[in-house]
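Scrolling down, you'll hit the structures one after another.
After this come two complexes, each holding subunit A, first together with subunit B and then together with subunit C.
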Partner chain A sequence: MAKHPTPMLDQLESGPWPSFVSDLKQLAEKRAQNKEGVEFQIPSDVAEDLLGILELSYKHGRTHWKHGGIVGVFGYGGGVIGRYCDQPEEFSGVAHFHTMRINQPGGKFYTTEYLKNLCDLWDFRGSGITNMHGSTGDIIFLGTTTPQLEEIFYELTHKYNQDLGGSGSNLRTPADCIGQARCEYACYDTQGMCYDLTQEYQDELHRPAFPYKFKFKFDGCPNCCVASIARADFSFIGTWRDDIKIDQKAVQAYIGGEIAPNGNDHSGRDWGKFDIQKEVIDLCPTECMWMDGKELKIEDKECNRCMHCINVMPRALRIGDDRGVSILAGAKAPILDGAQMGTLIVPFIKAEPPYTEIKETVIEPIWDWWMEEGKNRERLGELMKRQGLQKLLEVTGLQPDPRMVQEPRSNPYIFWKEDEVDGGWDRDINEYRKDHRR
Partner chain B sequence: MAFISSGYDPKQPMKDRITDIGPRKYDDFYPPVIAANKGKWLYHEVLKPGVLVHVAESGDKVFTVRAGGARLMTTIHIREICEIADKHCDGHLRFTTRNNIEFMVDEEAKVQPLVDDLESRKFAGGSFKFPVGGTGTSITNIVHTQGWIHCHTPATDASGPVKAVMDDMFEHFQQHSMPAKLRISLACCLNMCGAVHCSDIAILGYHRKPPMLDHEYLDKMCEIPLAIAACPTAAIKPAKVDFEGAKVNSVAVKNERCMFCGNCYTMCPAMPLADKEGDGIVIMAGGKVSNRISAPKFSKVVVAFLPNEAPRWGSTCKAIRQIVEAYAADARKYERLGEWAERIGWERFFEKCELDFTHHLIDDFRDPAYFTWRQTSQFKF
Partner chain C sequence: MEYEEAKEKLVAALLKKQKTKSKFYFNDLAKILESKPRDAKKLINRMVQEQVLEYWSSGSTSLYGLSGTGKQAAAEHEE
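Up next is the complex of A and B:
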């Protein structure tokens, strides 16, 4: 018998999509029975109370979670988010229900041994409820009490060689796409670079010293599967600067219908016979492709590497060999002044360990500028907007490049600096008046 | 329940302390076929919805079966995932950025038993535990935020609307039926932990009532200058307020200036906004993050407000279905939803999707708004 009736949530058990309500109910039952005799370190009815309070939110149309609370582990300023419910008497199991962020491994690959260890720990010292994964990328442990925080951290670090992720005004847990681990489009080792930078900047990740949150995301190619361009303060997008490699035989196989276009992604509908002119050449945004008899030609100098032709014919076209990353800066979600995409600040840079040039000439000078000039809760993109892209170039020494803009300015209101103008700005009005009477 | 120590000594927190070790290294967890062929993959193909093969230069193949899942999951469910991975995949698995679970095998013969096993598992309530799909031009899993399950600022739930929409879109999760990828995302307030602002379809929780002021406690709970500074429209000012005969320090809010962002509440818990009638859902459409063919785009607001209809969010599901069906019927192969809307024109988008165009959809937020108004004589009747 359920502790709280949940008539509204019960309606989310039907339908084909996996039901989180059914999943929470099975946990509630298992903890109530506790056949394995676990010495639960937080209330055993936590799942029942979570369902109960969620049902109340469904009834009220409002959340029942209170505003944060300063909790954490010693020496860290992030990784734990305090959470208390506003009906602690009725739902005592979730009265204290803090979140812990566990820094996920690159590519979100796991062994079952590791995951089962985490489950054992979380059943014992927490709610047994998780997010796999949170939006930023961490494994989220959803719900434990304050006394368990240090215990969990101790076990994570001592038994499982595993650290917490970021929260608050610090470097948030960096995230990557699957990259070279299983993707032919990846132009650099996203997991290698993500791991290297995560390790390099552990202090920035755990101890908030920034004006606001800061995100790194690593996309292996311009398809941008981790959405770095929309949400990362620094977005590293793989690219290349030589020629797309063409297998002309495979091109013919696509034309002849022997290979399905786009990796067979369109198999659910009859789109007719593959037409390379219509589906590839005419859709190329730079019009840099054509058929010369039976040969596909690409004027690579004009290619902007949008990936469309490669996506359509992955067996015929391959990314080039002179690979690196484009770096874009300043993306963020709308709060407060509207959403911003990342702005291209480095068109091309090599991305090979130990990534020294990227760290020392891009990341660190920009952090120094932002920490000096950024206002409280001002994202990098907002500082860029407030002080100008020119200022970012000034602090990094990056050279202006037409690739950094969509178009040049359409107003002439240039903030000339005095040293750019011959003779400077100090002039003698009396000298001027010799030629120009009042 | 007796407290059991991990070995941590609260009197000596620094004793044997291990910190700053970061995550586990990615290659600790690679399946052998991935470790052996990293960086040497030649091409991939989707054999059928939910089943991929990647072929390496060495001739090795890895077959991936993708299953949907709620990102909110219990240890029981994770243990079941592990049991499947132990049975079929030598103890390896991964998750995708969009909360799908991927099971990888190194031989084609192992695929069908794995698919059959996944599809045979159901929750007690009848839903699939591991529906196979989410590849190619299907509608894959919805990325989302916490909502009422664990967040203090949401204007809607997350897991509930996601379950309702995915139930409604389920046929498209298991079929390659769209003209191109179609990504749906949900953020339960405009803090957008889920960064949904560049999705083909975004479901966004939004408040519509200005904050209430808990004058009795405001000065005790909050740093008033921070609450004032948090307001992007300068709608908040300091105020001395009569409270039960005494003057207390508090704030005043110019309600008509409020954009309902909730930033003040983030800084000051004595200014709650949440409200049953006020809160609900905004639908945005036409965004994307890929650089393919056209540049990444923001999603645009196409439905200003829909009420929170717990538990099944009927109006939200209906609006999304209208957009999806109009797009699927009319867009060209490879054309993303936003590219389609731009080609046919937004006037045609509203007509085809049978959505009302109201004044709320005309941008009036700061300078960039002007450039979203039509500045040409080119339009369609």
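Up next is the complex of A and C:
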């Protein structure tokens, strides 16, 4: 018999998809039986009370969670998010139900031993409920009490060499794609850069002094598996500036059906013979490809890195050799001022350790500007909108470039300043009138 | 600004506002200290280490307050 009846939650289990309700019930039962003899440091009925309070919220149509607080580990201003329930007598198991953000390993590569250790620690000192992974990328531990926070932090850092992630007005846990570890499209070492910047900016990650959250995300290629372009304040997207490499023999093998397109992704159904004209050339957004007899040609200057042709024929077409990153700034989800995509601020820069040029000419000047000029709870993208792209170029010293123009009439206006114009604003009107009559 | 002077100035300013406000954005503190954000951060970090100030976080936004002032976590469900 469940501790709290949950008829509305039970209904959620009847759908065709896996249900978090079933997962929580399974966990509640596991903790009640405790076959492994874990000495739970927080109430063992935490999962039952979690279900109970959620059912109550459904019944009342409003939340019973209060969020925020001074909970945290000493010296860190992020990584722990205080959660309290406003029905602590009835649901004592979740009276404190704090979230901990754990900085995920690069590319989310981990060993089973590492995962087991984390889960054992969390079963022992927390609810056992995890979110793998939160939308920022962190490993999320859901639900523990205040006295457990320092204990968990000590064990994470001393036993597992594992740090907390970012929350609040901090640099959030930087996130990267799987990168060169497994992906041939990766134009730079996403994990290397993500790790380097995480180490470099520890102070920004753990001690909040920004107007609001700030996100770095690293995508190895324009496929953008981490979706950095849509949600990171700084998005680093791998690119190349020479030509796409073409293996004409492999092109013919795709045409002849010897190699399946899209890495055989569509093998579940017969889509007919591969048609390079229809499936690749006609779909190129810049129309920069054509067949010249049996040869595939690309006008590389026109290519906008949509990646479609490379994705369809990965054995025939490969990323170029002169590789680096494009940096975009100001993307964000729609909390305050609507969703915004990133704006290109650096079309191409080499991404090689120790990434000094990127740090000193892009990241740090923009941070200084945002820290001084940003309003409370204003994301970088909103500041860019408010003060203009020109201001960003001014603080970074970046040269304006047509590729920075998002679309006509959105951000292309350049206003000259007096010191940028020969002779300033003063002119000899008589001299001017010689050529320009009234 | 020297640390002790900054501490005195900040604590006095926050105590003065205590009746109406107990939590402050970082920028508010930097303004009180009349410092650039990077310089203010060094001073404020030290005040947190010495437990003169403490962090408060909603999860998305971080604020600062004098240690022990305002609504406390342990008392959040006791009012």
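Note that in this section the second predicted complex is superposed on the first by the 401 of 438 C-alpha atoms of A that agree within 3 Å, B and C clash if a C-alpha of one lies under 4 Å from a C-alpha of the other, contacts with A are read in each partner's own complex, and residues count from 1 in each chain.
The working rule: contacts are C-beta pairs under 8 Å (C-beta built on N, C-alpha and C of every residue); 3 or more make two chains touch, one makes a residue touch a chain.
Since the structure is predicted, the reported quantities are computational estimates derived from the model, not experimental observations.
Three-chain overlay on subunit A, with subunit B and subunit C fitting side by side and no clash.
When the shared chain is aligned, subunit B comes close enough to touch A:I229, but subunit C does not.
In the superposed pair of complexes, A:D368 makes contact with subunit C only, with no contact to subunit B. Of the two partner chains, subunit B and subunit C are each touched by A:N376.
Of the two partner chains, neither subunit B nor subunit C is touched by A:H4. Judged by the touch definition given at the top, the superposed model places A:A333 against subunit B, while subunit C stays out of reach.
Counted by residues of subunit A touched, the larger count belongs to B, out of subunit B and subunit C.
Residue contacts after overlaying the shared chain place A:T99 against subunit B and subunit C alike.
With both structures placed on the common chain, the touch criterion links A:G77 to subunit C but leaves subunit B unconnected.
Contact with subunit B, but none with subunit C, is seen for A:H266 once the two complexes are overlaid on the shared chain.
The superposition-derived angle at subunit A (between subunit B and subunit C) is 100°, Cα centres, a multiple of 10. In the superposed pair of complexes, A:R172 makes contact with neither subunit B nor subunit C.
After superposing both complexes on chain A, the closest C-alpha pair between subunit B and subunit C lies 5 Å apart.
Within subunit A, the residues touching subunit B in one complex and subunit C in the other are 66-68, 75, 99, 203, 376-377. Contact residues of subunit C toward subunit A in the complex are 25-27, 36-38, 40-41, 44-45, 48-49, 54-62, 65, 72-74, 76-77.
Listing the residues of subunit A that touch subunit C in their complex gives 66-72, 75, 77-78, 80-82, 84-86, 88, 95, 99, 146, 167-170, 203, 207-213, 368, 371-372, 374, 376-377.
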